[in-house]
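Look at the two complexes coming up: chain A is in both, with chain B in one and chain C in the other.
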Partner chain A sequence: MVEVLVLGAVAVAAASLNAAFAGHRPAEPFHEAARLLTMQRRVTASADRLLTGVGVISLPVAAALAALVVPVGGHVAVDAPVGLVWFNAMEVVAWASVWLAGWGVNSAFALVGGYRFIAQGLAYELPHMFALITAALAAHSLDLRVIGEAQDGLWFAVWMPVAFAVYLISALAMAFWGPFGHPLGGDLAGGAALELSGPDRLVFLAGRYGLLTVSAAVAVPLFLGGGSGPLLPGWAWSLVKTAAVLALLVWTRHRLPVLRMDRFMTVAWTVLIPATLLQMLVVGLVVV
Partner chain B sequence: MGLRRFATPRPFVVSAADGTRDRLAAEAGMRARGWRPALSPAETGMMVVCGKPGAELADAIENVWRDMPEPRVRASADLEGVAGGSRPALVLGDVGMADRGDDRDGLRLDVLHVPLGPVLANWPAGLRVDLTLQGDVVQAAEVTAVDTADGAFWDEGRRAASRLDSVSRLLRVAGWDAAGERAAVLRDEALGGVPDDVLASRFAPFARRVGRSRILRWMTRGDVEHRLDGWLREIGAALDGKATRPREPWDESLAMLPSLLEGAELAEARLIVASLDPDLGTAAGG
Partner chain C sequence: MEAVAFWVLALAAVGSGVAVFVVGSMARATFALLASFLCVGAELLLIGLHYLGVLVILMMIMEMLVMVVFMVAYMMNPAGLMPMTMLHNERGAFAISGTAFAALAVGIFAVPWPARAGNPPRDPTFALGESIMGSKMLVMMVIGIAILATMIATVVLAAHRGRYDRDGAS
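Then we have the complex of A and B:
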């Protein structure tokens, strides 16, 4: 369980880093949390409070459950032989979370935000799964620890760069962050999170940081050699690599405008899917 | 309460048509304090009203205010808060179900009637656009000037700042807050008396970065892209001391809007409005 708590702390650090990139104080997330915790919960007319609540709470829960199978060095909270599939399943729970939060509050803009995330899911999920399968194929395993250990000397990121790049894109998309932040877009006054106030909002946004952190952490055993590295112990290398990937993901928010799925979808299906399939073919030919 | 003192406020800023000066003061004040603006009233209990709203806009603001979560504070543009008072009970009428109608692909889809504005972040002050939506596609749009004024904040001496303000808001609507904030800083520097040649050297890298953003071009391809390019050129020219065109009269922009918006996706509709950025604070017809 320590691994999950450590990733939780990394998620808080990501929020601080995000504030620092925007030129604000690194302590800003704590001030914001205090603000949301002392604010009244507001309910919209004819809202479905149960489904909204399920949507809000399931986001951080999905992130925490996904973190259970993420190895930190040689340690993992739950030793799962199908950890990769579990991670993938938890990430899809986020689709339901955002949809329910957007739909349940009975507000047109929030609903459109929910739609946007479903469309985004249709764009990123297939390339994402092909990227995951490519790494699993090369390691002959769905166990994240085994995949990490299989990269003896040569990281998968080096010899399957397309799968790695697509994974990074899909990591942003699953956490609806930065260029994939359209479901919570400013043009919808906050989209799926529009009507969430007080503690609801805090839990939902914390869940998003959790998801972003887990997706960064999974990149390490998948493509960056897991905990391997000179001098430092395995867990330290895992955290250093996670922090580097996470910093890159957080930074994109400040460097790139948002992508609209009505334009991105075409690229996802005509470029990313064929590219990941070709990558898988190449990897398949090498390892078989 | 200790926790409450530790909290950083997050104001929701609403501007009346004559509130441009106040809005800029509020934005500068927030930047100096390290506060961020709220995108929606649900996010916060602090509302900042800029300028003097007319009766219709004042009603809309009152509705939003009544619905904001406690603890509530209403502040003027200097961000000094006035306590909010208790909330009258919200009386809810029946909420009607959406109608159905044929969409452009021959499917029967719910028809929603959704207003954009007049109380909306990064939206022209005083404007309301009533949309008929199916999914997130605009089937019809009706444009109303809810609040107008005949001031002239964006006069000839402030042309670069005026366009920087438009660019800033367009970039925020395009989901690029960092670049939008940079444009706002340049705008405030222009208004604050930084010499044009100094400003031009600061503006050049910003214009290069925005102009060369492939994603921004991809997402705004067409009219919006051309208008943004036009603005960037005009700002450059104004800082070089060359003559530039004034803003288009807002009644002309409003007349164009319905035909531009019909058939657009909601996100696109927001970009189109932001790329026209009508200033309802100037007298119609110029």
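Then we have the complex of A and C:
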């Protein structure tokens, strides 16, 4: 369970880093959290409170459940022989979370934001799955620890760069972050999270940081050699690599424009899927 | 402990299945159905079929999220804000489902169940792949890619480009 708590702390650090990139003080997220906690909920007419609640709470819960199978060094909270598939299943929960949060509050802009995320999900999910399978194929395992240990000497990121690049893109897309933040876009006055206020908003946005952190942490055993590295112990290397990937993901929000997902859909289906399939073919030929 | 978990999940699966037909909104009905499927996936995890269980959870979440889009779009009451009912042709449906339930329940008690032969394999995921694909692995892989390519090509051909699409980029 320590691993999950550590990743939670890393997620909080990511929020501080995001504030720093935006030119605020690093302590700003804590002020914002305190503000949201003491704020009164805004209630919309005829809102489906139950579904909104499920959507808001399921996002951080899914991130925490995904973190259960993420190895930090050689340690993992729950020993999972199919950890990679479990991570994939928990990350797809975000589809439900965003749609439910957008639908439940009974507000037009929030509803549009929810639907945007379903479209974005259909665009990123197939290339994402192929990228995951490619790493699993090379390691002959769905266990994230075994995949990490299979990269002695040569990281998967080096000899399967297409899969790694697609994974990073889909990590941004699944956490609707940065260039893939259209579901919560400014053109929708905040999109799916528009009507979320007070503690609801805090929990939902914290869940998004959690998801971003977990997806960065999974990139380490998948493509960056897991906990391997000189001098430092395995857990330290895992955290250093996780922090580096996470910092890159957070940074994109302040340097890249937001993508419309119908355009991303075209690129995803006509460029990324064939590219990942070719990558898998190459890896398959090398491994067999 | 496992027996308790089994019964809790089983009752939750049936209960949320009933909820599908009781709730008054298409969105709630869809997610009640999803809850039912998630309980079934957890039951599979409980009996040690990790890959199948997680796969059911993964596929059902994606499937229900696609379904909710279409169900909401096709309902006469799209917003789901006014009361609606999932029940149609109540008498006929009751007769059919009652007969089906009785036949299945009788089957449980009437069929002579075989005794267990052999032990569970060390790696059920690997054994499952072997038993499904076995010597036809190459054919299955090619068919898988062909189906995917067909799906994408169908969507690309069916997608209508409107006047708001510039330079074919969108």
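By our rule, the second predicted complex is superposed on the first by the 288 of 288 C-alpha atoms of A that agree within 3 Å, B and C clash if a C-alpha of one lies under 4 Å from a C-alpha of the other, contacts with A are read in each partner's own complex, and residues count from 1 in each chain.
To be clear about the criterion, a residue touches a chain if its C-beta (ideal position, glycine included) is under 8 Å from a C-beta of that chain, and two chains touch if they have at least 3 such contacts.
Only a predicted model underlies this, so the values are computations on that prediction, with no experimental measurement involved.
In the superposed model, A:S46 makes contact with both chain B and chain C. Within the superposed three-chain model, A:R260 lies in touch with chain B and with chain C [touch as defined at top].
When the two complexes are overlaid on their common chain A, residue A:V240 makes contact with neither chain B nor chain C.
In the superposed model, A:V12 lies in contact with neither chain B nor chain C. The wider contact with chain A, measured as residues touched, comes from B rather than the other of chain B and chain C. In the superposed model, A:D187 makes contact with chain B only, not with chain C.
After overlaying the two complexes on the shared chain, residue contacts for A:Y115 are found with chain B and with chain C alike. Within the superposed three-chain model, A:V61 lies out of touch with both chain B and chain C [touch as defined at top]. In the superposition on chain A, A:V282 contacts neither chain B nor chain C.
46, 106, 115, 260, 262-263 are the residues of chain A that lie in the contact sets of both chain B and chain C, per the superposition on chain A. Across the interface of their complex, chain B is touched by residues 21-25, 28, 30-32, 34-35, 37-42, 45-46, 106, 108-109, 112, 115-116, 179, 181-182, 185-190, 194-198, 201, 253-260, 262-263 of chain A. Of all the residues in chain C, the ones that touch chain A in their complex are 25, 27-28, 31, 34, 50-51, 54-55, 57-58, 61-62, 64-66, 68-69, 79-81, 123, 125, 145, 148, 152, 155-156, 169-170.
Across the complex, chain B meets chain A through its residues 1, 3-4, 6-10, 34, 36, 39-40, 42-45, 67-71, 90, 92, 95, 112, 114, 120-122, 133, 135-136, 171-179, 181, 213, 215-216, 218-219, 265-268, 270-271. Taken in their complex, chain A has these residues touching chain C: 46, 48, 50-51, 54, 80-82, 85-86, 88-89, 92-93, 95-96, 99-100, 103-104, 106, 115, 118, 121-122, 125-126, 142, 260, 262-263, 266, 269-270, 273, 277.
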